[in-house]
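My questions will all concern the structure given below.
Labels A, B, C and D are assigned to the chains in the order they are written; within every chain, residues are numbered from 1.
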Amino acid sequence: MAADNFAIGATATDGGAASEVIEAEGHLIDSQILNNVFDTVVKRNASFDVLKFSIGRSNDEPSRISMRISAPSESELTEVLEELVSLGCRVADTHDAVLREAEQDGCVPDDFYSTTNHRTMVRHKRKWMEVSHQRMDAVIVIEDGAATCRKLRNVKKGDRVVCGVSGIRVIPEFVDRDRQGFAFMTNEISSERRVEVGVSRIASMMREAKDAGGKIAVVAGPVVVHTGGSVHFQELIRSGYVNVLLAGNALAVHDVEQALFGTSLGVDLDTGRAIEGGHRNHMRAINTICRAGGLRQAVEQEVLTSGVMYECINHGVDYVLAGSIRDDGPLPDTIMDLVAAQDRYAEALEGVRLVLALSTMLHGIGVGNMLPSSVKMVCVDINPAVVTKLADRGSSQTLGVVTDVGLFLHRLAQRLRA
Amino acid sequence: MAADNFAIGATATDGGAASEVIEAEGHLIDSQILNNVFDTVVKRNASFDVLKFSIGRSNDEPSRISMRISAPSESELTEVLEELVSLGCRVADTHDAVLREAEQDGCVPDDFYSTTNHRTMVRHKRKWMEVSHQRMDAVIVIEDGAATCRKLRNVKKGDRVVCGVSGIRVIPEFVDRDRQGFAFMTNEISSERRVEVGVSRIASMMREAKDAGGKIAVVAGPVVVHTGGSVHFQELIRSGYVNVLLAGNALAVHDVEQALFGTSLGVDLDTGRAIEGGHRNHMRAINTICRAGGLRQAVEQEVLTSGVMYECINHGVDYVLAGSIRDDGPLPDTIMDLVAAQDRYAEALEGVRLVLALSTMLHGIGVGNMLPSSVKMVCVDINPAVVTKLADRGSSQTLGVVTDVGLFLHRLAQRLRA
Amino acid sequence: MAADNFAIGATATDGGAASEVIEAEGHLIDSQILNNVFDTVVKRNASFDVLKFSIGRSNDEPSRISMRISAPSESELTEVLEELVSLGCRVADTHDAVLREAEQDGCVPDDFYSTTNHRTMVRHKRKWMEVSHQRMDAVIVIEDGAATCRKLRNVKKGDRVVCGVSGIRVIPEFVDRDRQGFAFMTNEISSERRVEVGVSRIASMMREAKDAGGKIAVVAGPVVVHTGGSVHFQELIRSGYVNVLLAGNALAVHDVEQALFGTSLGVDLDTGRAIEGGHRNHMRAINTICRAGGLRQAVEQEVLTSGVMYECINHGVDYVLAGSIRDDGPLPDTIMDLVAAQDRYAEALEGVRLVLALSTMLHGIGVGNMLPSSVKMVCVDINPAVVTKLADRGSSQTLGVVTDVGLFLHRLAQRLRA
Amino acid sequence: MAADNFAIGATATDGGAASEVIEAEGHLIDSQILNNVFDTVVKRNASFDVLKFSIGRSNDEPSRISMRISAPSESELTEVLEELVSLGCRVADTHDAVLREAEQDGCVPDDFYSTTNHRTMVRHKRKWMEVSHQRMDAVIVIEDGAATCRKLRNVKKGDRVVCGVSGIRVIPEFVDRDRQGFAFMTNEISSERRVEVGVSRIASMMREAKDAGGKIAVVAGPVVVHTGGSVHFQELIRSGYVNVLLAGNALAVHDVEQALFGTSLGVDLDTGRAIEGGHRNHMRAINTICRAGGLRQAVEQEVLTSGVMYECINHGVDYVLAGSIRDDGPLPDTIMDLVAAQDRYAEALEGVRLVLALSTMLHGIGVGNMLPSSVKMVCVDINPAVVTKLADRGSSQTLGVVTDVGLFLHRLAQRLRA
């Protein structure tokens, strides 16, 4: 039972030329929702008047609030409401979501509702229904009585798109205190932490995901190879802890270079000696795979007999290599059409419950953008700014670890073996 | 009027073998106090039961809470309460603070109360009184009927020291939403921000501090000189925006080297050319000041006729140079006894309302440790990790700016001139 | 006249089962070529025997060396020679380069010669001829009596490809001491430098390039917009200092967002206030440009009336936007086929004499890979690791500046105005 | 036999109003001495004329050069010569070093010779003698027929100090190609390297130093404790790999806090949970050691029974804790008089052949300044800028490793155990 709090006869604050009553419930204080709501209102030069509030008396009970938001004009009110809805408030009125038709392919009405990555409900024909394929920065289309997230570029002329803020309800991922262990490091990203604590937590999450039948995806940059993490990463693959590998051309090329020549960008991984003009091995690796016709063919022809890509192919890991402007080659496997690459990434991420992003800001951000907030993401990088940036996007529940990725993988493989 | 919330007949949760009622009031949600209180309780395996809660209906009204905290044992309860008191809660009982005598110089009873940097009240002889010389990591001594913060090393045998958590009330600095402008960047330290916004905010803070008769202290590292910020810093001094300069030996040596030879660690500041063995100019600068007998004497003898130290001496800026293990020389002005240096720093900081820490983690942390939370601190560094670390210490209200300090000073001087 | 040095009757060192005489000339000591040659030989477990050496007596005179290289086996000798050739040595024999036919499209013989970015001569039919379209990591194809660099993916079955090391001569870009001003900061990348010195040097380089009729390309990341550098960058465009803009989708989207809404990723650039859910403006910017049909159409329709892209379009700057896996949208102008994007980048870089890479590792590396070493490149980033990485690739003469890119552009525009 | 090179009748270049002949010999090309000499001359607007040059024909043979340096004026010539002497050239004349008396305590004549950290010979009474206690930024005093390095502050009135550049010969540490393994990573400090290679190299160096009876010093920051490296560091101490520990107050305080309470700055090292107000444990640790009278007494009284300081005391490691402006407490063991602390550091470093600097820029620079160049130094930090800075000081042969120090110590202990 929550301790209730009633305020009778509340009216709009004088200053407000336009106002609307909003409601929210849940772990409003724990999840900092209430704090963010108040901040947003004040920052926007609007004001609030709390009508009802009941606080959860213990950690398990939800809180509830009802408040009137007032702003100097209708348009300013709309802007505040848009932000509050994305935080988890809903307009207290009882209308359906407004639908408007897309005027042309890839283009929607100006007041379209832009999605967050949180679970979202839409009210249509007096019924609340959940939006499928939730992801951020999409629009919601109602089609055949169902609501679904659609990327702007996939919208077709005539699609009925949700606009405005009525009839929309966002359900922010609840940061459970029982999962404090996960959350604890999120806010403070620092290299001055004991990595073993993070490793042990991540190992548990991987075991849980695996035991529950959920998929684990690894997004990896070439630094995994440069830092000697490859052999430990291969162990993770062989042990079944990697279901999906999302990477760029460079990871695969460096991996093949190491497998064929023992070097990575011309640096001998055993002695650390740099070879002048070491790019030659790099280009030879590409040439060799091109001759075979691709990575899979190179494995079949026994040209490629070790390494991360070899293990992926041997253990049925779904890998997608996305191209970039800096790519040499590329390998025949690398998808240079980025629309196709994004689609393949998104497809491979279906059913994934946990993502490890290892030393790759570019692909890490790309993947973060595609995930619903219920998927956990772990970001490992030696540069705290990269970890902060990945964690900052609010695109999912993120655990950041600032450390050497090679040594991290060594410890993680060790821990998972134990 | 706050919307009230009463819970009649609340009792301790079953699980708790020991419990205590605590109270708090103020901007509990805005300042994230309530959130932190809940987090702390759960993290510590304790539980809470909200007895009363009233929420501020608008941005100007305070909130109030009363809750019972329960823990498995007395000692665990004490630990939770210690944390909650430091967050701004007070034990609801009506006892005076417990006093115990220091058993020897520089040593206090084990259950001593360790201070925060927030304004603190102590209940003594049934009266609440404010603690003077507030700073963090000190103990509170009651002497001649007054309460004062004292560093452990200055405690004398027989001093009456506040112990436990009863009769103590911490008043966290309220992060006012009207001062959002100050607060806004605190949480997100990033190099991907427009520095002009920070510069403009800092310039306003400096003007306000100056107009209000408050002092401004600058804590500066030698990078101020290396990056060419010196000339702009000198302008700030001449314009009266610097009352106190806290630095190390290196800042003064590099400043003198530039004044005498035009180089900084042997790098010509006009052409950027590095001189092999450029340390010679560095050592010559020290030798020259040693010959004069010190910086002030060098100015009087017209040996030193420009630079940051010259301007400080000419404009009556109180400067303190603290020694370190890496110092060359040092200059006669540098205080190599660090106990004396800390005392001189603390003395110079009296009456200071605003501190600018420019490219110096060491001295910035040192100063941060000495300040009450009511003093604002601005940290500027090109390394985000340094800014995060300085801002993280919670030692004061901190605004962090990640940027090039030389260009920052250029823009700041320009803005203050306008 | 060089002081000459003859050694008569030199023979191979005993240990070497295979040996070859190589020659080099030029600024062997200044450019550290000789040092690198010796290092390479020893690192490779080979040995050298200097046959002739003449040192340049003054700064203007070249040095010349002839030395026998010995290695334990033919294959090891070949590997050493490959490295030495890439450093600027040539095999002293008098044979033509070896040509072999590509066995299939996109695939060459295993001993293919992999190019550097330095000017290269090939001996064909007893004549030395210069290779055109020089770039690194390509192969050399002889076609219609001319030698040209070709990317592996563009090689066709039957193309005659240069293999081995005979008949190849690399002419490393001479790091002239008169250009020390340019070179001075190359080796030591540090945030503790006076940026004004770099700004002044870069401004001179831009003026010289412009006066000489050479083109200037800017490679820019979205941080240029976030940090408030946009307005200064626009000034550079209007003043004719930018002929080519190479960027990604994000720069253009953030630029349009700022032009239409005054925010960048939802952060108000004037007040620094972050808007919760600020991605909405970002998506609206994309939607608006999609409706217009593209950036150029948006300018024509007067939908887009300011910003970097607006100025580019108005001033005839050739811009190329390359897609990436993290792109939202993308804008209709963004090339999502990365093979096409690389080709368009390379095309736009023809005739460019100076490249400024501003806060973009990805596109900076991409561009660096395409350039011959005679094109100067300036890299500006607040993260020293990015600057080091860009400068490290040896892909061109690089000047690295570690600073805030917003403030850098402010100072650069100021300096170019003066 | 070296291939010789004679130039008869060489004369000074026209432009030079003042000139001097200098000589150098040794691995002039390998060690980049010749390159640096040429650079210095040209940068200083002087010119050179090579009189004689003989190149080492193979890797084992030294090279020799004799050249005339000309500059526009005597004073400019002197400046160039000062730099060239510090690089390893000597003036070809046959005069003794010039001696002048110090005019007062702590102050020397303006043209004093400022030392490098390389082995140095001084010509006195027609005999070359080696300077003792070599370190950088000192002066050379001739006393009782011997030459010794003395810090400026220790110079007494009347001391005979070496001035000018005649009769001085610097012998730069030869970077042997057989020790390439050590040198290889020096120039390229990057987080994108395989740490195992560095670990294995460092382990060998430690074993060699120990076997040869040389001492190993560790300079350590508190991050060693925060990152969980403490337990591995303790293993190194127990195994006899640490003879000297140089640190600050913070390392010892955090170590004691962990030993007594299991936390480090309030963060539980096993669970990673941060305790609000965690500074309390920190202050309690200090209070406990103060009560005991110091670390050694705390060990004797069995108050302190584990940790780095405990192991140091138990295994006779010579530890020195130097104070700083940011210190809490300090512990009774911490030397707050920095002149005394520098002297104790220098004393403890006598006989040390290898220094490991772990996550401490401040103390690392302090130690680097005290070492002759023959002592090897290994710097480990997660921040590449710190490693670059420590390696850059040219104060010794430095191997930089960019990695997580906790994981590094784990791997190092593992490797030394094997």
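Convention: contacts are C-beta pairs under 8 Å (C-beta built on N, C-alpha and C of every residue); 3 or more make two chains touch, one makes a residue touch a chain.
Keep in mind it's a predicted model, so treat the numbers as computed, not measured.
Chemist: Can you list every chain that touches chain A and also touches chain B?
Modeler: Chains touching both chain A and chain B: C, D.
Chemist: Name whichever of C-D and B-D has more C-beta pairs touching across its two chains.
Modeler: B-D
Chemist: Farthest chain from chain D, going by mean C-alpha coordinates, please.
Modeler: Taking each chain's C-alpha mean as its centre, the farthest from chain D is A.
Chemist: Using mean C-alpha positions as chain centres, tell me how far chain A is from chain D in Å, no decimals.
Modeler: Here chain A and chain D have centroids separated by 46 Å.
Chemist: Can you give the whole-Å distance between the Cα centres of chain B and chain C?
Modeler: Once rounded, the distance between the two centres reads 46 Å.
Chemist: Report, in whole Å, the distance between the mean C-alpha point of chain B and the mean C-alpha point of chain D.
Modeler: Going by mean C-alpha positions, chain B sits 34 Å from chain D.
Chemist: How many angstrom lie between the centres of chain C and chain D, each centre taken as the mean Cα position?
Modeler: 36
Chemist: In chain B, what residues contact two or more other chains?
Modeler: Residues 43, 180, 188, 191, 273, 383, 385 of chain B each touch two or more of the other chains.
Chemist: Which residues, counting only chain B, touch chain D once they are in their complex?
Modeler: 36, 40, 43, 82-83, 86-87, 103-104, 106-108, 110, 112, 114, 116, 136-137, 152-153, 248, 273, 275-277, 279-280, 282-284, 286-288, 290-291, 322-330, 336-339, 341-342, 345, 362-363, 365-366, 369, 383, 385
Chemist: Could you list, by residue number, the parts of chain B that touch chain A in their complex?
Modeler: 3-7, 10, 13, 29-30, 32, 34-35, 38-39, 41-43, 47-50, 52-59, 177, 180, 188-191, 384-385, 388-389, 392
Chemist: Please give the residue numbers of chain B that touch chain C in the complex, ascending.
Modeler: 180-181, 184-185, 188, 191-198, 201, 223, 226-228, 267, 269-274, 382-383, 402-404, 406-408, 410-411
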